[in-house]
Amino acid sequence: MNKDGNEGFILKEDVKLMNEKMTRPEKEQVTFNKDRIAWRIGLNNFAKHLFFLSTVFAIVVLGILLYQIVVGSIGWLDWQFLTNNLSIFPEKAGIKGAIMGTLFLMMIVIPITLIIGVATAIYLEEYATEGRIQRIIKVNISNLASVPSVIFGLLGLTVFSRMLNLGPSILAGGLTMSLLVLPIVVVASQEALRSVPGFLREASYGMGADKWTTIWRVVLPISIPGIITGAILSISRAIGETAPLVVLGVPTLIMKIPTGIMDDFTVMPIQIYYWTLDTVLTPEYAYLASATIVVLLVTLFILNSVAIIIRNKFQKKF
Amino acid sequence: MRNLNGNKSKFVYQVKGLNLWYGDKQVLKDINMKVLENEITAIIGPSGCGKSTFVKTLNRMTDNIPIVRTEGEILYNSQDIFNSEMKVEELRTKVGMVFQKPNPFPKSIFENVVYGPKIHGIKSKKTLMEIAEQSLRGAALWEEVKDRLSDNAYGLSGGQQQRLCIARTMAVSPEVILMDEPTASLDPVATMKIEELMEDLKKEYTIIIVTHNMQQAARISDKTAFFLSGELIEFDKTNKVFGNPADKRTEDYITGRFG
Amino acid sequence: MESNNVREIIQQNIRKKNHFSDKLMPKIFLFMALISVVTTFGIVYTLIFDSIKFFSQVPISEVFSTKLSPLSKNPSFGFLPLLNGTFFTTIIAMLVAVPIGMGAAIYLSQFASEQIRKILKPVLEVLAGIPTIVYGFFAYSFVTPLLMKLIPSLGAKNVLSPGIVMGIMIIPMVASLSEDAMNAVPEIMKEGAMGLGSTKLETTTKVIIPASISGIVASVVLAISRAIGETMIVTIASGSAKNFTFDITQSMQTMTAYIVEFTSGDAGSGTVGYYSLYAVGLILFIFTLIINLIAQYIARKYREEY
């Protein structure tokens, strides 16, 4: 089929050739070696199973991971663990501070990313004309999305923590995280806006509505489920992210529960990080880490389920 | 000229030397046309002849397409619509539009109808309700939906949706209604209802309708314009165009020799 | 008449309306959209500004040496051990992620029935949604002890285990991007080959993969960028040994882990050690940026093919 020596792309001519061959009855076909056909089919089946195994491999690992962590958390994950403050004694230690820290962090991240993210998406999809500014912003966002998170940590450390003198506070952490997850919200919102069919905009313009009225009254209400889905995904990312906060200097041991956005704080992933590092000294910390991971994963699972439910419920067919 | 009411009629639209380009491609070529008040003008022609673009130019819906460039004059009630004095929002409330595919908003029936009045500053619930009833009655939809005004518009049938769109257009009290193949996506029964409706609408509105369906043009319109490759080939009384066309190309088209 | 009344009010309102918000909003949105651009500038500025301080104090020959001892009395800042650590963890991750991810992509796009695909794909995506800290914990407290049973000389901190786990984490990314590329191959090409009596395997290797190769390559390139930038798995499981070694059973430090170690450590602001963070950050940033631009370039080319 493929021309000998041409291992690269199949050309359209090749397809034509293939199709021509198809329609031409070929006598040689009858003389095909039966053993060879059996071998080819056998190889095909072998490969199929191999490919299946690679798909399942990842899933099996996922299963082992979850099993290990859940087993590790048994006996440690209870109400007391969720409501106690941090302690150096494993039996007394709880993650109330980390949970509160995560909640506080989200109070910063959610409004900031939503406002900036949706506004950026509206600009790109509704207002920007093809041109340099639009291209710069687009390329910038796709590159920003692939900057390693640890670099955002350096940005936060330098700009928010040191230059603006916010220290490793909830505000500094929230701002850093907001910038990190911003591309997720932008891209999701862009998709949501793009999915609003042109004929609905036309209908609105046809009634004498101006552009902003059309966006505000017609386009945005229809895009909200998509935007919320994107926002939830970005929140999940922010909740699980560790490196930027560690780089920002979020401290190892926080006994105090944060009460405001200028307070020092810790979050669940950082708690996991330090407990994991310290298992060398106190082996029980591994169980505490497992228990915290279970709480973290359940949180993410709930968030993602909500996102999926919203997406399915509001999926509009026009 | 006298219109149906016997009054001295006036020209709603006077199109003078209209040329329109999509990028480099000229879509409309030197169109000259006058549209009388309270008449139904049908615009026919094969696909891609520019008829749809032409009606969209009449309320400047083509403004939204950046590559479109126009030349010439369109006088609406003797005011040039391309003049900077003319607010496009004002023009579009005076000249409403009904599209090829029913395009209600994914909101309630009531919210659909009052969308226009609401965005143009009418806030009183009572007035909005009155407008909704009047418009829905005008579009012969009231009896079918009066008990479920808060239901989503997408629960309506295609024909009902299109009549809802007509009601929505009527709600801002336009003077002209442009219709871009309004029955193209509807079944024959729904099409018939809309055609009947147009007979009534004619009493209050000037209607310009693009249609692919020549029987429809012949049935409903007072005047017919035949477009071909961006040119206005023939424009006359409907029975003249269909009965005794002046141009050979018109004859070929209406007898089904092409298109 | 009522309708004339409505018409009158509407026309009056339109004439009165100044479209203030219609004119103001685009400006606000543009301003917001520029925040992301400012962020990029902020990153570049931050990295370059402090890197300059570093490079003005440390000779370039030292940077390219193998001796990294930032906290000793006579500090030395050779970054080769970090590049080495990043290189090995990335290679191991790719050795895991590329074949398995590709296998999964081929299975899902060519062999799996629609029902099986509907089950497997979301499960695979769950893998992509698990925070990296969880993988780090898994690598350190499960995979490393497991591997120790096979390789007794394996260190408690080593490159092999985080490399493998990172590879597993990246499988969904390779699988899903490659699957998209394979699904984009026009059906007619596939039918052409199948019509000739090719098996699915032959169709895949001789038609589908050659036709979608640039999309597949782009997915691999993006995966490399992801592996280079990954932080928590290697910080936890690969440790902080700054040796220049090729022994993957031992601890090595990656660029990302160096940044984490240093910021959470005691390096005071203003020291060369502190500035070295930004130098490493800058190198990391440039690496990932170049790789991403390559991936975007390849992906753009492939979109134009059909």
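Chains: A, B and C, in written order; residue numbering restarts at 1 for each.
By definition in this document, a residue touches a chain if its C-beta (ideal position, glycine included) is under 8 Å from a C-beta of that chain, and two chains touch if they have at least 3 such contacts.
Since we're looking at a predicted model, the values are computed, not measured.
Colleague: Using CA atoms only, can you tell me which chain is the most central one in this structure?
Modeller: Central chain is A.
Colleague: Based on the averaged CA atom positions, which chain is farthest from chain A?
Modeller: Chain B.
Colleague: Could you please state the distance in Å, as a whole number, between where the Cα atoms of chain B are centred and where those of chain C are centred?
Modeller: Spacing between the chain centres: roughly 53 Å.
Colleague: Round to the nearest whole Å and give the separation of the Cα centres of chain A and chain B.
Modeller: 47
Colleague: Taking each chain's centre as its mean C-alpha position, how far apart are chain A and chain C in Å?
Modeller: 12
Colleague: Two-or-more-chain contact residues of chain C, please, as numbers and ranges.
Modeller: Those would be 14.
Colleague: Residues of chain A that contact two or more other chains, please.
Modeller: Counting only residues that touch two or more other chains, chain A contributes 208, 210, 213.
Colleague: For chain B, which residues are shared contacts with two or more other chains?
Modeller: Those would be 89-90, 93, 116, 120, 172.
Colleague: In their complex, what parts of chain A are in touch with chain B?
Modeller: Per the stated touch rule, the residues are 129, 197, 199-200, 202-210, 213, 217-218, 221-222, 316, 318.
Colleague: Which chain B residues qualify as touching chain A in the complex?
Modeller: 59, 61, 64, 66, 88-93, 96-97, 99, 101, 103-107, 115-116, 119-120, 165, 168-169, 172
Colleague: Could you please specify the touching residues of chain A with respect to chain C in the complex?
Modeller: Going by the criterion above, the answer is residues 1-2, 7-10, 14-15, 18-19, 21-22, 29, 40-41, 43-44, 47-48, 50-59, 61-62, 64-65, 68-69, 72, 115-116, 119-120, 122-124, 126-128, 133, 136-137, 140-144, 146-155, 157-159, 162, 179, 182-183, 186, 208, 210-213, 215, 236, 239-243, 246-249, 252, 269, 272-273, 276-277, 279, 286, 289-290, 293, 296-297, 300, 304.
Colleague: What does chain C use to touch chain B in their complex?
Modeller: My answer: residues 2-4, 6-7, 9-11, 13-15, 17.
Colleague: What does chain C use to touch chain A in their complex?
Modeller: Within the complex, chain C contacts chain A at residues 14, 19, 21-22, 25-26, 28-30, 32-37, 39-40, 42-43, 46-47, 50, 99-104, 106-108, 110-112, 120, 123-124, 126-127, 129-138, 140-142, 168, 171-172, 175, 188-189, 192-193, 195-202, 206-207, 210-211, 213, 222, 225-226, 228-232, 235-236, 256, 259-260, 263-264, 269, 277-278, 281, 284-285, 288-289, 292-293, 296, 305.
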